[in-house]
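Here it is: the structure, laid out below.
By letter and in written order, the chains are A, B, C and D; residue numbering begins at 1 in each of them.
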Amino acid sequence: MSQATIILLVASCLNALILSSMYILLGLGFTFLFNIMGILNFAHGVIYMIGAYICFILASTVGINPWLAMLVSIIAMGLFGILLERFVFRPFLGNINLIIVVCIGIITVLKNAVSVSQTYTVQMTPPFVQGVFKVGIVSLSWERLLIFLIGVGLLILVLLFINKTKQGLQMRAVAQDKEGAILQGINVNYISALACVIACALAAVAGSLMGSYLTVNPYMGDDIMIKVLEILVLGGIGSINGVFFAGLIVGVMDAFLPIVVSGTQTQAIMMFAIVIILLFKPQGLFGKEVRT
Amino acid sequence: MIILEVTGLTKNFGGLAAVSNIDMKVNGGEVLGLIGPNGAGKTTFFNLITGVIRPTKGQVVYKGKDITGKKPHEIAEMGIGRTFQLNPLFPNFTILQNVLSSFQLRPRSTLLGTFFNTRVYRNNEAYILEQSLEILKLVGLDKVKDEMAQNQPHGYQKMLGVARALAIKPELLLLDEPIAGMNPDEIDNTIEAIKRTSHLGVTIILVEHNMKILEICNRVIVINFGQKIVEGLPQEIKENPEVIRAYLGSGHDTKH
Amino acid sequence: MKRTGSTLLVTSIIMTAILVLSSLAGCAKTTSTKTSTTTTTTTAQPLKTYTIGLLAELTGFLGAYNTATVNEAQIAVDIVNEQGGIVVGGQNYLLKLVVENGQSTLDGTTAAANKLIFSDNVKIIIGPDAYFNSAVSGLCEQNKILHIAGYCTMQPDELDASTTWTFLGQAAAINYFTGALAYLKANYPNVKTVALTMPDDGSIPFFGAAVQKMVQDAGYTVAGNIIGYNNSATDFSPYSAKIIATGADACIACSGVVTPNGNILKNIRDAGSNMLFVICNSVIPKNYIQVAGAKEATNVVDCSAGYIGNPNPSSMLQEMIRRYQLSTQGADLVTLEYANPVYELVQLFKQTNSFDPQTLKTAFAGLTSIDTFYGTGTISGIKTFGINQAVSYPLPITTIDNGVATFRQYEPAIVP
Amino acid sequence: MGLMITVRDTASRRKNYIQIIICGILICFLAIVPLLTNSPYNLHIFILTLIYIIAAASMRFIMTSGQIPLAHGAFLGLGAYVSGILSKHFGISSWLTLLVAALVAMGVGTFISFPFARLKAFYYSMISLFFGVGMLQTIESFGKLTGGITGITGIPTLFHTASKVPFYYCFLALMLISLFILYRLEVSRIGWNLKAIEQSYLVAGSVGISVVQHRVLAVAIGCFFAGLAGGMYATYNVTISPSSFDMAATLWLIIYVTIGGMGNFAGPIIGTLVLFLLPQYYSGLKQYTPFISAAILFAVLYTFRDGLVSVPGLVVSFYKKRKKGRSKS
């Protein structure tokens, strides 16, 4: 096996890990919303995009430190999450059609607001870190490593949160049995708001990082959105472990498929792979058993 | 003659056995009471018989045919009707529409007949309409037939469940806690209706944790923790120490 | 609460009703007004306007870009009008642009073209962008509308022998590629094998094939197949890894926008390879430096939009740059892809002294060269498109090393 | 139709008459549209409206069974591409391709829905979502036949005339037929069974309604008309591209249904009419048009969530209440 091939393989493995961490980050937030409020937040991709833009505008237009900008964007999106829960999701809980429609409304407004307000220039957040380091024959940029580390770090934090803290336990309670949780005196609205905040904040982190790694544009959220849905369903609706596993699978596919087939075919192949998996295991890889 | 025979019926959810190894025979025309405290596995037992869930092991034979693991609508076609403890109806239909939409089996119209609104189809529907009105009279809901089902009091909804079950012209009727959460006179009406139904020759198995039901049963089986603990006539059951312990052990009126 | 709610209902119903009715009325009205505007060109008035249709993708993924290019075209029209408009048949006219939105979909563009032709009754259509022309050329052919495309990706039905009413008024992907290839041939003798990459948006069978042929004719060997990337991928490093694995001396990014090309460049450098990277499209070098980063943007040859380092810009171009920066707080010009057709049209009007599309068409087809913002343009394309109706003009070659872009020279970049 | 007989009391009979009259007026209006407008462009818009009414109505039919088909836009696309490819590359008559497109869509839809019909309806929504996206990606990535992202141009049309009027009347007829069929199905026992399943599939099963059969039937019929609409679109619009059948297309169909009113057969029709014709009125705003659309969306959503069809009823009840209030005081 030639050295080029080895480098190719190793590099692809690293790509897979980096992509997975990003996908899982977004997928977790989405799953929270689904578990706790039972909604499919189609606007998740747009929230990611807005997070990226806030960070970009602060860091390059206003010119403050990118790390600070990311922090601000996280906080801003967190607050946005609260508003989202109160005025958008809560009024329509339980009616998936209405939720979808209201999400479309949000998507339309935010996307077009951005594309109208921004003049046509190449926009990207200044890099958080720079430089390249070599591991043996493979060299990797600190930027990509940073994305990976932050991704993993946040995942660990989130896991600690849902497993160790009181709110985390309450979240799991609500996710398992809403009525029961209400009877236990858990404030479901508070928990829902918390879930929204976490979801939006995670999306903002991912957006800020990718905004400095790729460029920012109003449509950066669309593909991510599909990826997130893939992860959600492949892993099994509402299963946290599922998100991790499916995130890894999708990341690996995304890193390796482009090497064998070209461009858009990768997407098609992934979709049908997932459809076939679901045909045999409809409730997803980690989903609970469903009765008819 | 034996209409339903259950042998070694078992269902495990994960580790614990909701129903373990239950045998029983049901004679045609009798009213069989299946009592036991909450969580004893009575509803699971019904779900197993009516094919809502598949048994882990065991066999259900109805009129000589093995119906283990058949689909719910197939079992309904064979003449086993049931009511539900919790959501006994279609909330957004009127009472009458609930009963009408429960006439699926006989008379049955073909797809094309339905679509082209043939005479056969119209006659069927007309027949179904008068049948439904009769059933509603039988269970005493004819006064409120055009009300939305979800706006009805609990007792009416339960009775509607029975009416819907009757719509499939069952020979065997499974009633899941028919009098749970009713006030005394509702209970009396219901028991009257059940009696009337059984006089039509319908075999009835009813699940209750409320001992009051015993008075209309010919025979009673008590289950607890998914196992049959005693079987006998209502009188014997009332005095049986095991039963009393089972009930006192888990206070049966903590519910509701 | 209920009461106010219901009153709200009533009002909103009435609103909706009014809107529906007036929408119908609106449709009818627009047609009538449009007819009247066209009649104004014949009735006697002190000040007359002539309407040109501009078809652009104002929303969707091309939205931001085309909003900018439409802005450029509007500025060009303003300049013409402020210089007193144009004189046709001894009568002084001011130009007017009607812009319709194609929403970045082929069907949306078809609808917009229908609207321009049948509802706005224009006789000349400028635009749209890229492969959306395939929806317009045919329509213009049927209805004898003069169609000047802004860009061309060589998809079927965009510009070929069958579309005699369609002209390419602005350098297309193939021009940039021609220029880059010529420069590569002349200045990098040690490059033997090249890897080709381009967006996998369906253009590979057509544009890709043409490009591959040109490269082989130029005496290079193409390493592997054309590497098509997904424009909206989250991470482009797989493609970079693939490019490096081909072991080619140089990689040519044959077309595509800045984000993928810049990231592929960045990832190639991060992966430790220093292969020559050739970029051919309209994006200006500084954007690549921005996307790829100063250290990564090195050993790059870029053939891009015409105004960079232009030694003696025409007065029109200077004016254009000035106004554009005024209107956008100092942003760079984009490509003038709709402004150049306007400029060419103005010349045609002056030459033929008429608005009749037939006359204009024959005149345009008869020309061998026409003036553009970027200097004299040559009209060619018989070998590439099968029809001699593509305007190409000298394109600037820039090399980027360690984040510094230096203007080298002008390549004629004439498509055969 | 016993289920209908039951609601034949005087009040609802009057209601029925009103509905019939409204339908008549609407049909008459649609019939004379070509006389009202002199510009082919307006006719173009109306023709598209007819096509999308079929799509929206068929989508609602699936939704009555509680399943949300998140691939309905893709099935439009499937129909469009089948008919487009057949008539362009294989020279089959456009009339035939319409039927083939519908049948292909129906077949594919059935195949996809079958394994999921016995699960909670939610899973069908998800699988259809991915199937839809995957189908578009396939269309985009296999450019030889489908023209990739640029789509197909120069599809043979039904009528070889410059005028759009024949298209309009042909499609109007097709639409009325489709709507009639869907309506008959809805008011027949099948429709009621679907509604029953949507309310509680447990109870439905217990009275002998075959949940699987009915769900698959609903999807099959819905996809059939989606395919038909797609075929019509292709043969009329001459150019088709993946971007107009993507996720957004599906979601907009859901918007037509929901804004019009999910609970009523007329819902999708009204929703499509309003949301399709309104943008023509403010399209002069260029890149700002989406904001108006979104504004309308939110306005309807937050004022009357049962959709536009619920408005007359609300108004009537509102005035009745007011009258009561007066009589009391």
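Brief remarks follow.
In this text, a contact is a pair of C-beta atoms (placed from the backbone, for glycine too) under 8 Å apart; a residue touches a chain by one contact, two chains touch by 3 or more.
Everything numeric in this text was worked out from a predicted model, so none of it was measured.
With C-D and B-D as the two chain pairs, more C-beta contacts join C-D. When each chain is reduced to the mean of its CA atoms, the one lying nearest the mean of all protein CA atoms is D. Separation between the centroids of subunit A and subunit C, computed from CA atoms only, is 35 Å. With centres taken as mean Cα positions, subunit D sits 40 Å from subunit B.
The distance from the centre of subunit A to the centre of subunit D, each centre being the mean of the chain's C-alpha atoms, comes to 32 Å. Within subunit D, the positions touching two or more other chains are listed as 140-141, 149, 205, 211, 287, 290.
Within subunit C, residues 59, 63, 67, 200-201, 204 each touch two or more of the remaining chains. Among the residues of subunit B, those touching two or more other chains are numbered 52, 72.
Residue ranges on subunit A touching subunit D, taken from their complex, read 42, 91-92, 95-98, 100-102, 104-105, 108-109, 111-113, 115-116, 226, 229-230, 233, 237, 262-265, 267-268, 270-272, 274-275, 278-279, 282-283, 290, 292.
Of all residues in subunit C, those touching subunit D in their complex are 2-3, 5-10, 12-13, 16, 19-20, 22-24, 26-28, 30-31, 58-60, 63, 67, 99, 101, 104-108, 110-111, 114-115, 118-119, 131, 134-135, 138, 142, 155-157, 200-205. Those residues of subunit D that touch subunit B in the complex are listed here as 1-3, 5-6, 9, 181, 184-185, 188-190, 192-193, 195-196, 199-200, 202-212. Every residue of subunit C that touches subunit A in the complex is listed here, in rising order: 59, 61, 63-65, 67-68, 199-201, 204, 225-230, 232-235, 237-239, 241-242, 244-245, 247, 258-259, 262-263, 266, 269-272, 283, 287, 290-291, 293, 295, 328-329, 331-332, 334. Across the complex, subunit C is touched by residues 36-42, 44-45, 48, 140-141, 143-144, 147-151, 153-154, 162, 237-241, 243-244, 273-274, 277-278, 280-281, 283, 286-287, 289-290, 299-300, 303-304, 308, 311-312, 314-315, 318, 321 of subunit D.
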